[in-house]
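Have a look at the structure that comes next, please.
For clarity, chains are labelled A, B and C in written order, and residue numbers in each chain start from 1.
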């Protein structure tokens, strides 16, 4: 961090490989983690993203060594650590509740790991003070954790974890206990520390915007499996399937039954009878299949329509009624009821909206350029067969 | 509860009055004894007071006249300390052990509850009969100790359950993450954080043992503990010396309670934690 | 822990059961397997009278301690605002129970006696002209002593249950227009059931299992099952005492099981 000398870079490879790991808690119950493979590059900031129960915290704890995989292996820096104790792995964990020892001063908390290794009092206190300096908390060295604010406690937890020079730092929902303002601040701090140290960070969260903001790699998970692992940019621009699209947000999911294929794009009929064109790229689809596409909400244009205008014969356009209007500052979020069941949202720039504000209940047309639609991997066969996610 | 205007409802005053009556009910008779223990040399077992003196307190220390107060007092204290140590050691380790599901946990749990609910005299009866059948003598050091433990261990265990229930396991995990061995974890983190609860267990152990009667009456052997001595006095002694004993023993109890609760309060305050209601 | 409990509790219990089947003469007990002891108990009408007497005490004391305990707990949980005062008052009620039962019991003697404080107060305030005889060495005294000794066993579990009630439930009820009485009936009472059950178990087993309170406070006039039992023990008549003990334990177990059937207290015990 700024001010004092930079935190020393750690030697040692912090590359992580999760190989075919499964975790089952109870016989007969669904696995918490299901045959999962993941590779995280050394020195990258990786976010595990997903709803509660998707397995992200379980993976984190298995990498830390606080849970043992039922099957599979975990390698850190090329070494198989599956059966090693947490302290032998070169990892350090920051707990969701910080878990600062309430009966010890801040200084003793930070110095704890060194005390466990038998360092002398003078040595470990000196080293702890150094770290407290980096997080700007040296004035609080003799206070008890209960006397610190949430943000300060988190910085102490960070210092405590870093004192052992780990090559991997594991963070379990580190920002969820903070209020909104602090959360945004600490995001930047975490990012800066990671860059300065050059070690691998694995950060578990359920907040999509947070993941995109800090991570090099985002891993979207559901029910013990990885739905997509890609850079933050790619997750947003090129989500793989409808689940990731909906989870990441900022996108609409379109679907329709293929009518015919022409000029590298499929023409599909939606539930409302409108037609949509979806560029196929190298994929092949057959008529009668139901296909899905993602469309960014900020690429949708909205204008009024006469209620008399027929809704059919529309191409790359939906007719509907405005269901909700939400001012988001630099843009206005318009939710449109297309009669389809699926939520359809347009993010309209504020200057465009306020020229002629459209109210709730007004009939509108929402349209877009076909090249903005990206084909998703989901397919549904005709005649009500099970959906397949490729 | 307050009404919308912020004033207390009339029921508050009624309930407060009931509460005050209750406290008076609890403390009233005891204060009568405290006062009467200062009864004058010619006074009897009830009012009016014939002067004020500490004669009856002196009688306690002089052996013979009012029974063996000093001796039984000593035995009670020693026994209570032994029971306290035993209870704390056993209940703390058992409480921590119960966190994992071990085979037979259910049985132990029911044994504990049964021991709590069983009338003490039956336990005493069982133990004394058992000893008799084996040809052993009952004595306060062995059979008495065991009998009292059957009473204190369940209470201690319940306290540990309550305290451990509130204990956040992530403290131990954080310690493990930072390199602590199991023993280091227990010594540096678990026990210090649980300390107020452990003091509570000790308090239960001491006071339950010190005042224990039904279980001890059949298992103490030939030498009495203080409660047994008092019981004998109720039939033999017809002087306020009995009240003097009551006053002294109550003062000691208050002292122990005060010391324990005081230290718990100090620890809580030092750690900056707000005292939570149950 | 299991070891200690088994050795000093489990085994002795088995011993009692075994001895209950033994024969005896005026000198010692003779290991045997006879049902005479049980037979005597079941045919002797004294047994029935003793049980009726004990159950009577238990029922009355249970009712009184329930009312007092509930009221005190309710007051502390809902009417006392400051947490510090709440705990302070709670301690105030609890501390007497940490002192000797016997002392507290006999402290009633100078209080209730013919020349005791209470009578003197009554006479001084002209409520009566003669001292009330029934105050001491009577069933009344026994009940007063029981209530004095055991009310805390009711207060603590009920206090625990009540304190756990989410205050937002009460606010929601108030919002919907419930009167304080309705809140008590619809929310507080049902949610305190496990505390009430636990307290009831404690009080009933303590009363049914007591022998010294009833002896002293009734001046020997009333008896309970266990006081009769203690007499037998003093006369070294162990087998019938053991048989009596076994039967009482079975009765107690049935009562406890009955209460537990009505209310599940497990969540109270494992916090």
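Please note the rule applied: a residue touches a chain if its C-beta (ideal position, glycine included) is under 8 Å from a C-beta of that chain, and two chains touch if they have at least 3 such contacts.
Please read all numbers here as calculations on a predicted model, not as lab measurements.
> Just to be sure I understand: the centre of a chain is the mean of its C-alpha atoms, right? Then which chain's centre is nearest the mean of all of them?
B
> With chain centres set to the mean of the C-alpha atoms, which chain is at the far end from subunit A?
The chain farthest from subunit A, judged by C-alpha centres, is C.
> Please work out the Cα centroid separation of subunit B and subunit C, and write it as a whole number of Å.
About 18 Å, centre to centre.
> Mind checking the centre-to-centre distance between subunit A and subunit B? Centres are C-alpha means, answer in whole Å.
55
> Distance from the CA centroid of subunit A to that of subunit C, rounded to the nearest Å?
Averaging C-alpha atoms per chain gives centres 59 Å apart.
> Show me the residue ranges of subunit C that touch subunit B in the complex, using the header's touch definition.
Against subunit B, subunit C makes touches at 1-2, 4-16, 19, 68, 71-72, 74-76, 78-79, 83-84, 86-87, 89, 91-93, 95-96, 98-104, 106-111, 113, 115-117, 120, 148, 151, 159-160, 163-164, 180, 201-202, 205-206, 208-212, 216, 226, 229-230, 233, 238, 241-242, 245, 248-249, 252, 256, 269-271.
> Could you list, by residue number, the parts of subunit B that touch subunit C in their complex?
Residue positions touching the partner: 1, 8-9, 11-12, 15-16, 18-19, 22-23, 25-30, 32-33, 36, 45-47, 86, 90-91, 93-94, 104, 107-108, 111-115, 117-123, 125-127, 129-130, 133, 146-147, 149-150, 153, 157-158, 161-162, 164-166, 207, 210-211, 213-214, 218, 226-227, 230-231, 234, 242-243, 245-246, 249-250, 253-254, 257, 261, 274-275, 277-278.
> Can you list the subunit B residues touching subunit A in their complex?
Going by the criterion above, the answer is residues 168, 170-171, 173-181, 184, 188-189, 192-193, 195, 270-273.
> In the complex, go through subunit A and note every residue touching subunit B.
My answer: residues 64-66, 85-87, 91-93, 95-97, 99, 101-103, 112-113, 115-117, 144, 146-147, 160-161, 164.
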